[in-house]
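Notes for the one structure printed next.
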Amino acid sequence: MTRFIRKAAAIVLAIAFMAAPALALDRAAIVAQACGGPGSMTEAAAALTAGVATASKDDAAWAATLSGAAIERTLKCGSPPVIAAPAGARDAATLAPATSADGTSPLLSLKNRPLFETARAAATLFSGVTQGERGAALSALERRAGSLPPELFEKAADAETDVGLKERILGVGQAALLNSPDVSKRISAIERISVSADRRSLTQVAGLKTDPAYATDQAFKAAVDAGVASIERRLQISNALNTLYNGLSFASILFMASAGLAIIFGLMGVINLAQGEFIMIGAYVTYAVQEVLRAAAPDLLDWYLIVAIPIVFLATAGVGVFLEATLVRRLYTRPLMTLLATWAVSLLIVNLVRVGVGTQNLQFVTPSWMSGGHLLMGDFIVTWNRLFAIVFAAATLVLTWVVLKRTPLGLNIRAVTQNRAMAGCLGIATRRVDMMAFGLGSGLAGLAGLALCPIYNVNPQMGSNFIVDSFMVVVLGGVGTLAGTVIASLGVGQINVLIEPLYGAVAAKVIVLLMIIAFLQWRPDGLFAVKGRRK
Amino acid sequence: MTDKAHILSRAFEDRIFVGVAAAVALAAVVVALFPGLSGYRVNIAGQLACFALLALSLDLIWGYAGILSLGHGLFFAIGGYVIGMHLLEHAVATTGVTPDIVQFMGWKALPDWWGPLESFPVALVAALGVSFAVAFVFGWVSFRSRVGGVYFAIITQALVYVAMLLMFRNDTGFGGNNGMTGFQTIFGAPFQTPGVAKGLAATSLLVLFAALVACRLLMIGRFGRLLVATRDDETRLRSLGYETLRLKLGVWCLSAVLAAIAGLLYVPQVGIINPRVLSPELSLEIAVWCAIGGRGRLAGAVIGAVLVNAIKFSLSATMPELWPFVLAGLVILVALIFPNGLLDIGRWRPTWISRPDVLQPGDAKP
Amino acid sequence: MSKFDRRSFLMTTAGLAAGAALPLAAPPLIRSARAAGPVKLGCLFSSSGTMANLEGRMNFVAKMAADEINAAGGVNGSTIEVVTSDPASDWPLYAQIGRQMLAETKVAALFGCWTSVSRKSVLPVVEQNDGLLFYPLHFEGDENSKNVVYVNSPPASSVLPAVDYLMSPDGVEAKRFFMIGSDYVWPRTINKQLKGYWKSKGIEESAWKEEYVPFSFSNFQTIVNQIRAFADAPGGKCVVVLTVVGSSIPDFMREFANQGISSSDVPVLGLDMVEADLEGLDTAKMVGHLNCWAYLQQAKGDANVKFLKSWSDYVTKTGAPFKKDVAIDPMVSTYDAVHLWAMAAKKAGSFDVPEVRKAFDGLSFDCPSGYKIGMTAENNYVSRGVFIGSVNETQGFDVLWQSPDTPKPVPMSQY
């Protein structure tokens, strides 16, 4: 009954405002609906979206605020309903300052959330102050253009002052005309949609093949066929790029995890089973840096990953040097015993962290420059966190290469790797070189932990995930060659990603590992055997 | 090549061996005949015997041939899975109750090809045969291309890891993550019968005893001496005209079959087999037992396995947080101070940490 | 055997043999502190391995519940002592420790297991020793042992209502489903039942797709790509039914959000997702994804306020390494379980399993979820309420829907 009265009131009000040049939104009624159950909230969102095109700029701004408040749950349905804000509550209908900020916030159901998001974007398109705001709103609307009244875009384009944006709005408006009665408009809509070239557009355009016009209208049929063909072609490219990117990102992780191992194994023939734990320590040090920055210099918090680089490297390298001096050094002639001893060390580190810090995943701030991704073309999204890992791995590779090829330490390491006895005879302090190399390898592992922070969960167990994979990469690449490790990680990463969609993640891993095992049986020295004496 | 001071005196070793063998035999008698033992403790004794047998199998290949396998869990699991299939078939045959695995695997009944395994001799032959075949193929390929040392260790680790991933998949068809549980009867007797636990434990101890004696005889004989020679200088042995491939392959297959027997005895006593026995950590732990007890001495493997697992059992229910620290501490202690394992303590002349680079048997070639 | 005389041989042999035989005959290694006094309850929750972060906190909840009961005078004149352990996320070890607790520590009941795998491995042990296991997780059903108390809900009263919601006009009218789960019995069975359910609703087989990943799998890039491709294909709204467990949940959610998919594009129904999984994630981009449990932290009622306060106090008091302001369903279920056991033991006037089991009939308890949960003579299931939660910005769940009462649990699925 009350709802009926409310509806009636809305109609009366709407008639009353007919004469006005811009149709005013019935704010009170919409607020009441927004505070109703899920069903009436749907109506509120629909009323907002439908109304903004004809509403005054002031009303549109209000509509954007209200739908934003509904999404962010700052709408408090007391009497009167208010919108809570840090600066003070405002009346939900008039936006005048309000006294009380009580009341519960209605929860958006799954169905209503996109409706309110659309309403907010539509309202912002009209009322957004900056061109950027309006542009972002248009991007949000683009994907749902079909569900909006076409005149909304026309009106928005009329009101738009920026030429470029006006063009874009008209374009999106065209795409929204896919189901218009006018065939020529439909054809231009198809052409328009075909440019975006993602799978959703393919579904939209290919769906038109069942349309009656497809059978009767030649031009329409041609446009649909051309659209489908063009989207499919671009989809193929974007799929290929996607696979490549996924493979590259997996490879970069593999490389980071195994680079340090490759140096240590190549130089000393020593297997460091605690390598995974160095990765974990790296991640924990990164966390510590983040916490220190949060307390001491909150402005720098967004850049903690960069600030942490030298600290992480030095810290993990320090732990590595300590481990070498106390344990590994004493076991050089017994590599199999080193294997067990470093395993014990890994057990120790994991449990120390577990007892000291806890088992929960650490909470990392996702820097603003690293969250989300960029839609490059079609369905190909470049996610920033993975791009960071790729760039980071590339930078590490270059730096490691420089250290190995262009510094005295690198020269020594290479000399000892090739012929330990001869290097010793020439006066190289081989034990010192070992220690430095172990430190370098551990530091690299620590950096891997840093790069993994934005991608994986950081907890005491994280290291164990990498151990078998990274060993396989090192051995496959050929012990002691950085290039081998790079190529092995690229290959393993790419093959894994190629197989995964076909047979599933487990089978992909199994197949890749079996391939490596088989390959090593055939060529135990790996892809690139280092020239020099086998120890 | 070998520093004499670090080899235990022969007499001491003999004494230890005889002592351990006698202790195993005595334990078998006690378990079988002493009525006062709780079922739980009998079960523990049986499990320890299986672990000891597993350690023994690794000691053959690592201690005597110098080849470290970090994938011995694979053979243990083969034995375990085959006996698991046997027990499930047997349960269906004797009780008629469909086991859980049929339901959660989405089957109508157990697969037809499991059928023959209902007979124990077939299951036994299958377990030994499969483990032998897998070991033979893998060993032949590896030893022929001279994969050894650390490489062999990592490749076997990868192999067991691959097997674990495979078996964790439901689609592989062996119960996936769940593995096999709910065994009802063994040789027609329900598992609840008190005699069953005793019988299993006593059998395990007796098998361990027999294996100890047989391996001992084998290792003090020609085969054993050739093996040690292969370990210490394979090139020289080859140039003397010995076919080391055959030697290594022989001991590798023997070791695999022993490990499978251990799995065969273990699973009925714990009532579950799942891919966790294929985890690289378990296979590594086997090596740790050997290292702690002392390699290349058979008795050492048994002592190590029993000691480590006894501590583990007693700690995991009371002070679970302590266990990893104890284990890590033991390994580091052994690595640094007692390179021959805890049997060194008996000599009271440990290799102190200040003497880092002492060659150990089997370590000559990385 | 040259240098070795008979005496030393005999001595060593005797010594070693005695050494081996002694532990067998000696008193148990695990000795109870006071033999007659307290009644012992055993916990089977891992504090290491992949389940540690989730299971670990339950040890503390059980202790907290026991403290409450002890403060009120204990049960049948005894105080409760909670014995914890660490099965290290290793399923056979759950069975081993369970056996040890029942046979040696003589616990009156066991509380534990998160994954169905661990429950299935403990099941034969409790059945052979006629023990009692209180299992606090919602699970795949199709099991009805007299030795297990299923404190949480089978699918018919947890998963199906949530899926129904997604398919209803109030939800998103979902027509197509992408199922992604960890590769073990719970996800497989749940998905099997879901497929049967959809078939019964006349949904074509082409409308769903399922993928499985190993435990602690973390690289979800390719799978999220597949989901995007599936969601954009024609045929109606797509939802993701997520049954991965443990550390895979946050990994999946992070990748999902990073690839720019929001809940208004493709909603995720995370069947095992709890507040603790969202720790460390930027949930602003995940708002609106769903889960379904028999308890959510935002449940209304005094019982919940009291529970949250006790937990927070308990964490402060004991320094347990968990967040004091996060409570998840299995914690509440464990809490309920200890109380249910105590009530049954009190009613039976005994700690003997058969007596306690008989006393289950007609028990009811004011669960922190706000429902009065109860048990019947029919089976060992506990009837619980149903919540559908929706991820909010503050790493928690808002209550999107909750059942009017506690539906009667249906152990065996009809699908």
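The letters A, B and C name the chains in turn, as written, and every chain counts its residues from 1.
Here, contacts are C-beta pairs under 8 Å (C-beta built on N, C-alpha and C of every residue); 3 or more make two chains touch, one makes a residue touch a chain.
Here the structure is a predicted model, which is why all the values come from computation and not from measurement.
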| item | value |
| --- | --- |
| Interface with more contacting C-beta pairs, comparing B-C to A-B | B-C |
| By mean Cα position, the chain sitting nearest the middle | C |
| Distance between chain centroids, defined by C-alpha means - chain B, chain C (Å) | 33 |
| Rounded Å distance, chain A centre to chain B centre (Cα mean) | 45 |
| Residue list for chain C, restricted to those that touch at least two other chains | 47-48, 183, 212, 214 |
| Chain B: positions in contact with at least two other chains | 165, 168-169, 321, 324 |
| Two or more partner chains touched - positions in chain A | 350-351, 506, 509 |
| Contacting residues of chain C [partner chain B, same complex] | 1-4, 8-9, 12-13, 15-17, 19-21, 23-25, 28-30, 47-48, 83-88, 90-93, 95-97, 99-101, 103-105, 116-117, 120-121, 123-125, 128, 140, 142-143, 183-185, 188-189, 192, 212, 214-215 |
| Chain A partner contacts - residues on chain C that touch it in the complex | 47-50, 52-53, 56, 166, 169-173, 183, 211-214, 216-219, 221-223, 225-226, 228-229, 232-234, 247, 250-251, 254-255, 257-260, 263-264, 267, 276, 279-280, 282, 285, 287-288, 290, 321-323, 390, 392-393, 398-400 |
| Contacting residues of chain A [partner chain B, same complex] | 269, 271, 273, 327, 329-341, 343-345, 347-348, 350-351, 355, 467-468, 471-472, 475, 506-507, 509-510, 513-514, 516-517, 520-524, 535 |
| Chain A residues within the chain C interface of the complex | 38, 72-73, 107-111, 113-114, 117, 198-200, 202-203, 206-207, 242, 246, 249-250, 253, 350-351, 354, 357-364, 366, 371-373, 375, 379, 381, 383-386, 455-459, 461, 465, 497, 500-501, 504-506, 509 |
| Chain A contact footprint on chain B (complex, rising order) | 62, 68, 70, 141-142, 145-147, 149-151, 153-155, 157-159, 161-162, 165-166, 168-169, 280, 284, 287-288, 291, 321, 324-325, 327-332, 335-336, 339, 353, 356-360, 362-363, 366 |
